[in-house]
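Have a look at the structure below, then the notes.
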Amino acid sequence: MAQTEQLVQLLIYGIQLGVIYALIALGYTMVYGIINLINFAHGDFVMIGAFTAFFAVNLAGVGFFPAILAAMLFPAVLSIIIERLAYRPLRDKPRLSALITAIGVSIFLENFPRMVPFIGPNFKRFPELITMRHFYVLGQASINSIQISNIVASGVLLALLIFLVQYTKMGRAMRAVAYNKDAAALMGINVNRVISLTFFIGAALAGAGGVLYSLTYPMIDVLMGGWLGTKAFIAAVFGGIGSIPGAVLGGLLMGIIEVFATAVYSELGYGSGFIVLIFVLLFRPSGLLGKAPLDKV
Amino acid sequence: MRKFLVVVGIIAVFLCSGAFAADEVRIGIVLPISGQAAMYGAYCKTGIELALKELAPDNTITVGGKKLPLTIIYEDNENKPEITANAYRKLIDQDEVTAIIGPESSSTALAGAPIAQSSGIPVVTIFPTNPKVTQVGDYIFRACFIDPFQGAVMAKYAYNDLKVTKAAVLYNNGNDFSKGLTEFFTKTFAELGGKVVITEAYGGSDIRDFNAQFNNIKASDAQVLFMPNTYFESGLQMQQARSAGITLPLIGGDGWDTPDLVTISNGSEEGAAYSCAFSHEATTPQAQKFVQAYRAAYNDVPNSNAVLSYESLSIVYRAIEAAGSLDGAAIRDAIAKTKLELPSGVIEFDSDRNPKKPAVIVMYKGGKTSYVTTVNP
Amino acid sequence: MKGIKSYIPALGLLVFYLVCIQLRQAGYIKNYWIQILMFALINAMVTLGLYLINGITGQFSIGQAGFVSVGAYSSGAVTTLLFNFSSLSAAAKPIVFLLSIAVAALVSGFCGYLIGRPSLRLKGDYLAIVTLAFGEILRAIIRCIPQVGGPRGFTGLPRYSTLGWIIVFFGLTVWFMRNYIHSSFGRACVSIREDELASETMGIDTTKYKVQAFVIGATMAGVAGALLAHVLGFLHPDQFNYARSTDFLVYLYAGGAGTMSGAIVGACVLTVLPEMLRFLAGWRLVIYGLLLVLMMLYRPTGICGGREFPFLVPRLKRSPEAIGGRHDE
Amino acid sequence: MTNNTTNIANSVLNGRLLEVEKLGIRFGGLQAVGEFDLHLDAGGLYGIIGPNGAGKTTVFNMLTGIYRPTEGRIVFKGKEMVGEKIHNFTAAGVARTFQNVRLFKNLTVLENIEIALHNGVEYGLLSAFFRSSAMRKKEEEILDEASALLKRLGLLSYSEKKASSLPYGLQRRLEIARALATSPTLLLLDEPAAGMNPQEVDQLAQDIRWIKEEFGLTVLLIEHHMALVMEICDHITVMNFGRTIADGAPGEIRNNRMVVEAYLGKGGKF
C-alpha cells in the first residue's frame, strides 16, 4: 500500500475506535458536569448494555435497532436506580465519598453477573447484526459496513444529545443545574429529576457504546467495561471534562492517537497515548476544550 | 469500645478456626475463581472434579494401608500475585494441607511457590509455562510444558512442515506466557535458518483493536503469522486479521486450546494450527476414556486447562498413595518418581520437575480441531 | 515523665511485635495471619503517603501504585541484580537490604518530583488523570526492561522482609508523618487544601509544598514497595496497575481521608476483610463491593469518622504569658 | 513580630512605601484597569473608592501578585514587584484581606494564625521529621506568638473554635489578624465593612485606626461605605471604569463633581 493509503486506513481505524470512546466519554462528562462525580461504574454500563443486546438478540431474536434500544434502556433504568440508592444520599457529603461508593458499585456490577449462571465469567461471541462488507475509499484503504454504522449511529446519538441539551426545556434545566444547583432549585427546577435524567442519558449512551463496541470487536465478558471506561474517562478529561464537544473531540483524538502510536511502535503503543495526554494537559491544563476555572477573588 | 471488642472477638474466632482433625488428607487448590482469569479457574475446576470423581468417588484416599477422608479446599487467587501468596499461606498454615495444586499462571505461581518450598509442601502447578517456576525449588512441579519447548515446537512446525522462512509475530507484551513463547519461537526459528521479519505487540488483555498491528504485518513480507496469545484475544485477532485482508497461515500455542476459541473466531480460525498437550482425537484408552467421561459430565470437549488440572490431581493423588505417608518430602519424592498413564500420555518428570511429554499439533478444520502431527521433546 | 510519655506509641508497637512473635511461636497465630498483617502494614504505609497528597494537601492523585512499583523494582534491582543477595554474609544482608530501601526511597521520591513538578498547574481531576497516566506509563516501561523480567515478572528476589522490619518502617512512617503534618510544613499543606489562593497570600510557596507532598508521598510508597518486593520474592508489572491504585484510594477514603488514623485503619481493615470473606468463594468480591457501598452510605466520613488516635497529635505547651488569663483585652 | 520591629522597619524607609505608576491590565481585549497611579507613604491610611466594577479589587489583585499587570510598575520599598509570585509579595510585607472572607474555614482560629506565621519558621525539613528540640521550641514560640496576637485582637477565647463557626464580624476580624500575622508593612483591606451594621462599622473604624498605630502599618482599603472612608482615610483615590477619576484628601473628594456623578449620577449630592 502506498503511504497515503496507509495513513487513510489508519485514520479509519482510529475513528472506528474513537467514536466509541467518544460515546462513552459523553456519559462521564455529563454526570461530571452536573454533580462533579467521576462515575467509576460508568464503564460497567457499557458491559450491561452489551449483555442486554446479546440476550435480546439471542433470546428474542431482535435486529439491530431493537437491540440497541434495549441496550440503551436497561442500563439507563438501572443507573437511575443506582443513583437513587447509592449516590443521592451522599450528595451533600464530601465529594469523594460518592467516588468511593461509585468504585464499590463498579466492583459489584463487575462481579455479580459473573456469579449469575447464565452469564458467568466466560467470553461470549456477540452476534453479527450487520453484514460485513468492505468499501474501498482510496486504493486499498477500505472502510467496512460496521465502521460506517458506528460512525452513523454515534453521529445520530450525538445530534440527539445536542438537540436535547441545547433546544429543549429539560436541556435548559440541565444546563442550569450544571451551572448552579442551588440557584436552579430556587428557579423551581426539580434538581433530583434533572440528575436522574442525566444518569439516564449517560448510561443510555454507554449502553449504545457497548453495542457498537461489541459489534466491532464481537466478544463480550463481564469485565469489558472496566478498562474501556477508564479510557473513555481519560478521553473526557483530555477533551475537557464537563464539555460535550470536548468529550467527542477527546474520544476521537484518543482513538486516532492510539492507532497511530501503535502503528509506529507497538511495544509502547498504548503507553504513548498517555504520554501525549500528559503533554497536552501540561499545555492546556483544562483539556482541549475545557474552560479554565475562574478563581474569583 | 464495645464495638472494638466485637471486632476483636470476630478476629479471634477466625484465627482459631484452623483446627482440624489430624487423620484427614487435605489438598488445596488455588485457582482464579474471580477476576479477569475466572473462566480458566472454572475450566480447571471441571478437570479437578472429574479426576476426583474417578479417583475418589467416596472422598477417601488410602495412605499407608489406612483409608483416610479426603478434603479438597478451593482458594481464589483473583489471578493476582499477592492474593496467591495469601491463599498459599492460608492453605499451608491454617488448613494444613498435604499438597497444593495450582495456580494456573506463571506470575501467580511464582509468588506462591517460594512459600510452599520453604514450608516443605509439594505443589503441582497447573499451567505456568515459565521455566523459572519449578526452579524455585524441589517441591515445585508443573503439569504443562514450558515456553522454550513449545516455542521451539512451533518454530520447527513453521520451518519444517509449513516450509516458510519469514514469520510475523503478534504478541501480548503484558502476558508472561505470550512473551515467553515469542522469545523462544524467535530464537529457534532463527537457529533453523528462518527469520522473524516483524514483531508487533499490544499492551494487555483489555486491548481489542489490533488493526494498526495488522496493517503493519500486512505490509511486511511474512509468510506465516504466529500469535501465541490467549484464546479470546486470538479469536478476535483471527477475525481482524482476515478482515484486514491477511491471508497468511496462522499458528499459535496451547492458549488456543479450548472449544471457546471457535465461538469467538467464528469461522476465521479455519486452517489455523497450534501446539498443545492433548488432542481429543488421541487414540490411547486413557485419552478416550477421559474425553468420554468429560463429555458425559459437561457436554463439552475438554480444553488444556481441564486436562492439565485433571492430570495434576491424578499425579498428586497417586503420589500420596505411593508415598504411604503425609510427609511432604516423601510425597515430593513420590511425585518426582511419577510414571502414570494419563490422557496426554505417560507422564514422567525430568530433573527440573517438568513433565516429559510430547506436543501434538492440531489444526482447526470446519470448526473442529484435527490432529496433524506429534513433536517429541 | 513527659519524656517517657512520648515513647509510649513506640513501646506499644514493640509490645505488639513481641506479642505477635510469641503467639506465633506458641502456635496461636499462623504465619498466614502474620503475612496478612505484613501486607496490611505495607498497604497502610502506601495509604499514608496518599493521605499526605490527597488528604492533607488536597491534591487528587490516583496513581499511587506506580510509585509502589518504582520502589519495589528499584529495591529488587539492588538486592538481586547489583548484589547477589543470597551469597552475602549474614552481616552484610541487612546493610544491603537497607541500602535497597534507601535506593527505593530516592528513586520513587524522584518520580514523585518528576510527576509533581510539571503537573502542579493542573487541578483536581486533571491532575488525577496525569497521575493515572504516569502510573500506566511506568508499567508500560517496566514491561520493556528485560533485566527485571519484563512482562514475565521479576523473580528470585530474597524474601527478606520480616514482620520486624515492616513494623520498624511502619512505625517510622507513622512517626515522620505525624511530625510532618504537625509542623509548619504540614500546616502549609493543609492550607493549600483549604484555600490555595489564601494560602499563597499568607506567604506560602504553594508550588513548593505541593511538590514536597508529592515527593514525600511517593517516597513512602516506594519504601513500602521495597518491603513488599522482599515479602513476595516476586514482582509482576500488572500487580501495580490502575486498579491497584484505586485500591489505595479506597483504603484512604473508606478509612476516612481526614485523619492519619483513617488511612491506617482503612488500609488494615480493607486488606484483612477480603481474606475474612474467603469462605464466600466466588461471591467474595460481590459482597466486598456491597459492603463498600453500604459503609459509605451509613458512614460517609469513613471508618474512623474524622477521629484521630491521641498519640498521633503531638501536644505543645502554651506559655502562660502569651495567654495571660482567659480575658480578652 | 513585635510592635517595635515593625515600627523600626517603617521608620527606616522614610519616604514612599509603595509607588504604582501607570498600572494597567487587560483581560483578553478588555482593559480592566489602566493608567492607575498610587503613591503611599509609610504610616498613612489610604482608601480607594468607586462604584461596582470600577476595578478596585483588580488593583488589589495586582498589588498582591494575584494578577500580573500588563503594563506599568509596582515599586514596593524600592523594589520592582511586577512578575513576582504572590508569596513574594507577602514576604516583602504586603498583606491583604478578601472581599468575601477567605479563611481556612475547617481549621481552628489558632491554626489560621499559625499558618500565617509560616514565614517566620527557621527549622528545616529534617528537624520537622524528627521533631527536634529546636523545632519544638520554635513551634512553641509560634504557638505563643499566635496566642499573643489573638489576645491583642480579642480573639483568644475562640482559638480552638473552627473558623467557620465564628460570627461574621469575628470572621472578618480573624482575617485581619491572619493578615497581621504575616508581619506586613502594608495592609490591604478589601471592603472590610461589607455586611456590617452601623455599630459594627463604628467599631471597625476604631479598630482600623488602632491596628494601624498598634502594628505600625500603612493601610490601604477599598470600601463602598462612604462614611467610613471619609472618616478614617487621610487620602482617597476614586476609580471608575478602571481609571482614576479623582484623588485627594477626603474634603476634596467630597466636593469633587466627577465623583458625585460617578456615584449618584448627575445632580447627586452626598
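The letters A, B, C and D name the chains in turn, as written, and every chain counts its residues from 1.
By definition in this document, a residue touches a chain if its C-beta (ideal position, glycine included) is under 8 Å from a C-beta of that chain, and two chains touch if they have at least 3 such contacts.
Note that the structure is a prediction, hence the values are computed from the model and not measured.
Asks: Give me the chains shared as neighbours by chain A and chain B.
Replies: Joint contacts, listed by label: C.
Asks: With centres defined as the mean of C-alpha atoms, identify the chain lying farthest from chain B.
Replies: Using the mean of the C-alpha atoms as each chain's centre, the farthest one from chain B is D.
Asks: Please identify the chain lying most centrally, where each chain is represented by the average of its Cα atoms.
Replies: C
Asks: Report, in whole Å, the distance between the mean C-alpha point of chain A and the mean C-alpha point of chain C.
Replies: Computed from C-alpha means, the inter-chain centre distance equals 33 Å.
Asks: Can you work out the whole-Å distance between the CA centroids of chain C and chain D?
Replies: The answer is 41 Å.
Asks: If you average the CA atoms of chain B and of chain C, how many Å lie between those two points?
Replies: Measuring from centre to centre gives 35 Å for this pair.
Asks: Taking each chain's centre as the mean position of its Cα atoms, how many Å separate chain B from chain D?
Replies: 72
Asks: By the touch rule stated above, which residues of chain B touch at least two different other chains?
Replies: 34-35, 38, 173, 203-204
Asks: Please output the residue numbers of chain D that touch at least 2 other chains, ranges allowed.
Replies: Expected reply: 66, 98.
Asks: Of all the residues in chain C, which ones touch at least 2 other chains?
Replies: 140, 143-144, 197, 282, 285
Asks: Please give the residue numbers of chain C that touch chain D in the complex, ascending.
Replies: Chain C reaches chain D through residues 176, 179-180, 183-188, 190-191, 194-195, 197-206, 212, 314, 316-319, 321-324, 326, 328-329.
Asks: Which residues of chain C touch chain A once you look at their complex with the stated criterion?
Replies: 118-119, 121-123, 125-126, 128-130, 132-134, 136-137, 139-141, 143-144, 197, 242-243, 246, 249-250, 253-254, 257, 282-283, 285-286, 288-293, 296-297, 300-302
Asks: Over in the complex, which chain A residues touch chain B? Could you list them?
Replies: 1, 6, 9-10, 13, 16-17, 111, 114, 120-125, 128, 132, 140, 144, 213, 217-219, 221, 223, 226-228, 258-260, 262-263, 266-267, 269-271
Asks: Quick one: which bits of chain B touch chain C in the complex? Just the residue numbers, please.
Replies: Per the touch definition, chain B meets chain C at residues 10-11, 14-16, 18, 33-35, 38, 74-76, 78, 80-83, 85-86, 89-90, 92-94, 106-107, 110-111, 114, 118, 130, 132, 172-176, 178-180, 203-204.
Asks: Residues of chain D touching chain C in their complex?
Replies: 64, 66, 85-87, 89-91, 95-96, 98, 102-107, 111, 114-119, 121, 123, 125, 128-131, 135-136, 139-140, 142-145, 147-148, 151-152, 154-157, 178, 181-182
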